[in-house]
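Same chain, two partners: subunit A is paired with subunit B first, then with subunit C.
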Partner chain A sequence: MGTDEVGRDLFARVLHGIRISLTIAVLAAMAAVAVGTLVGVLAGTLGGKVDAVVMRTTDVFASQNHFLFGILLLVLFRPALGGAGAVMLAVGLTHWPSLARIVRGELMSLRERPFISAAVGGGASRWRLARRHYLPHLMPAVGLAFVLTVPHAVFHESAYSFLGLGLPAHQASLGNIRADGQRSLLAGGWWIALFPGLAILVAAMAIGTLAEYWREHLHPRWGSELEL
Partner chain B sequence: MTELLEVEELSVGFRTRRGVVQALSQASVTVGRGRLLLVVGESGSGTTVLAHALLRLLPRNVNVSGSVRLGGQELLDLSPAELRRVRGRRMALIPQSPASSLNPVRRLGGQLLEAAQARGLSEQQSRTRLRELLGELGLDLAFVSGRYVHQLSGGMQQRIVNAMALVGEPEIVIADEPTSGLDAELVDTTATQLREISARGAALLVITHDLRLAERLGGRLALLYASRIVEVGPTAAFFAAPAHPYGRELLRALPEREGKSIPGMAPELTALPGHCAFADRCPDRFDRCTESVPDLYPVPDGVLARCFAHAER
Partner chain C sequence: MSAGGSALGSSLSIDGGRWQRLSEALQRWPPSVRVAGAVVAVLVMAVLLANVIAPP
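Then we have the complex of A and B:
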């Protein structure tokens, strides 16, 4: 892979960058999924006015440009949390609205299913319903949202770092390396931008493959689907 | 003597945009320990609402009045926590359509254990108890544990929910349409199972529209029509000679009797008439029938019938 413009080994930097970027992306996706699930569960189980208020707030968030909103969060939190923490927070707090809507919808239809009233008739408490009956049904949606958010978060980290708002320039995240590579492009150094880009692509594909495996092997409903 | 379950003047109405749907009007029934009560009515007559009202499995837009007492304890005033101790432990429900009453994405073993543990059994006790109970019903705990609902036949699913209801040794079991969608042979099996439940000493309340099942089970029978109980009495007396014209017409509609259907339709529950709800379809109607709602009048053999034809006696 050669070296970058100051003679550092690019392969070593990309490997290190994958570690940093993936850690940030996974944590950010976990935050996004946690917020989205919480908001969706609140709206879906409490219903009524809570539902209306929560969902309109969600609409407001969803209608904003999430990248700009993320930059705002970065500017606010970077002094306190540092680059990595601020990127996690910025991505986590901007990628929950779609999941919140999905979770709410799932809960709305779940609540009407006969096995829920059968469980209540058997003496199930709210907590037991949530843990034993709602959660197993929400897992596919939540899990899918998680694996879709991880590569997306890698892109965001790259973009923020590229703009100089993410990690400090000396830290070898995939985004920072790409930003360096961009400068070298004009001097003919194409590989510096290419390899971190490929690393992002491979990471996204790897996570997607994991998701596919998870979907096929752990979700029973697909096992009973008719052949078409 | 106080009965185990005493339902008095129980009314259930649903507030909807089209007005209040009166699903159950002033229903009074009692079930003694180890006794059997059949609640018979066509779909939409309030049968399932009655079953669900006993366990307070009702949506928020509901008006409930009257009284439901289990062993002298008023159920309609219980707090959610107190209610949870009654549900499943003292009063168990065998839900309608077992296939959709079991969680489709969880293995049955977990669900069975959960049901047992919710009744206060330890894990070890639960396993032993479930193995016994399923064994009596001809199922193997190890066989069903690793499977999902859709992998079992309808009859097996029915036995699973029966086992779940019985595991806590409840004082009363409410079976909601236990034979819907089952073939004749499985109806036989279910009838046998239900009789065994009451033989164990539990009281049994069976909701059904299956008159053949009702005839086979015996006990006492309450006939519902358009949200009201129109006839109560021993099941044998009902099948020998129904006291209410609706019961008479219902039996005549059976294929093995005359196969003659009742003309007209049951009234909408949003607009119940201020007179006998069956008057429009009744062959023996007279003037009084379209003036006011009849009370339950006593008929010989311990039968009560909501019909003016019995008012004079």
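Then we have the complex of A and C:
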């Protein structure tokens, strides 16, 4: 792979870039899934006015351009949380609405099922219902949403770092290496931008292919809803 | 065959069955999904072994 513009081994930098970018993407996807599940469970279990308010708030978030909203969050929270923390927060707070809708929908249909009525009739508390009956049924949707969010989070981390809003420039994230490559492009250093770009593409395509296959087998109906 | 030997034999045959089921499951995957799975496995290894392969 050669070296970058200051003589650093590009293979080593891309390898560490994959490590940093994928770690941040996985943590950011976990944050998004946690927020989405919490909001969906709140709306689905409490119902009534809480459901209406929470879902209208979800609609407001879903109607925003999530990339621009993420940039706003980065600008606000980067000084306090640092680059990695702010990227996780930005992805976590912009990718939860679709999962919240799915979790709420699943909960609404679960509440009508006979075994839930039997558990309620048997005196099960709300906590027991959530732990023993709701959560096990929600896990496939939550797991799938997590896997679908990871490649998206890789793109976001790379894009934010490329724009200088994500990780500090000295950290070898894939976006930062691409930013270095862009500066070297006119001087003839095409490979510095190419290899981290290929790494982003291959990682996102591979994880995305697995997630799509899982989604098709698990629940084809989510195809139109889980567009993250 | 001793008792220990037969226990080892039965555990190996169970293991063999598990591997067979795994390979059958993998064969049901389309080729693109198999390639994607291999790439993800390589990426996970790269994440775990980055400091060993290329010390910072």
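Here is the rule we go by: the second predicted complex is superposed on the first by the 201 of 228 C-alpha atoms of A that agree within 3 Å, B and C clash if a C-alpha of one lies under 4 Å from a C-alpha of the other, contacts with A are read in each partner's own complex, and residues count from 1 in each chain.
Here is the rule we go by: a residue touches a chain if its C-beta (ideal position, glycine included) is under 8 Å from a C-beta of that chain, and two chains touch if they have at least 3 such contacts.
Quick caveat, the model's predicted, so the values are computed rather than measured.
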Original post:
Once the shared chain is lined up, is A:205 touching subunit B (first), subunit C (second), both, or neither of them?
Top reply: second
Original post:
Looking at the overlay, what does A:188 touch: subunit B (first), subunit C (second), both, or neither?
Top reply: neither
Original post:
Which of the two partners, first being subunit B and second being subunit C, lies in contact with A:11: first, second, both, or neither?
Top reply: second
**OP:** Would you sort A:137 into first (subunit B), second (subunit C), both or neither based on which partner it touches?
**Re:** first
Subject >> Which of subunit B and subunit C A:19 touches, first, second, both or neither >> reply: second
**OP:** Identify the partner contact of A:125: answer first if only subunit B is touched, second if only subunit C is, both if each is, neither if none is.
**Re:** first
**OP:** May I ask you to name which of subunit B and subunit C touches more residues of subunit A?
**Re:** B
Original post:
With the two structures laid over each other on chain A, which partner does A:79 touch: subunit B (first), subunit C (second), both, or neither?
Top reply: neither
Original post:
Considering each complex separately, which residues of subunit A are in contact with subunit B in the first and with subunit C in the second?
Top reply: none
**OP:** Write out the stretch or stretches of subunit C touching subunit A in their complex.
**Re:** 29-30, 32-33, 35-37, 39-40, 43, 46-47, 50, 53-54, 56
Original post:
In their complex, what parts of subunit A are in touch with subunit C?
Top reply: 9, 11-12, 15-16, 18-19, 22-23, 202-203, 205-207, 209-210, 213
Original post:
Given the complex with subunit B, which residues does subunit A contribute to the contact?
Top reply: 113-115, 117-125, 128, 132-133, 136-137, 219-221, 223-224
**OP:** Spell out the part of subunit B that touches subunit A in their complex, as residue ranges.
**Re:** 52, 55, 57, 84-89, 92-93, 95-97, 100-106, 110, 114-115, 118-119, 148, 150-151, 161, 164-165
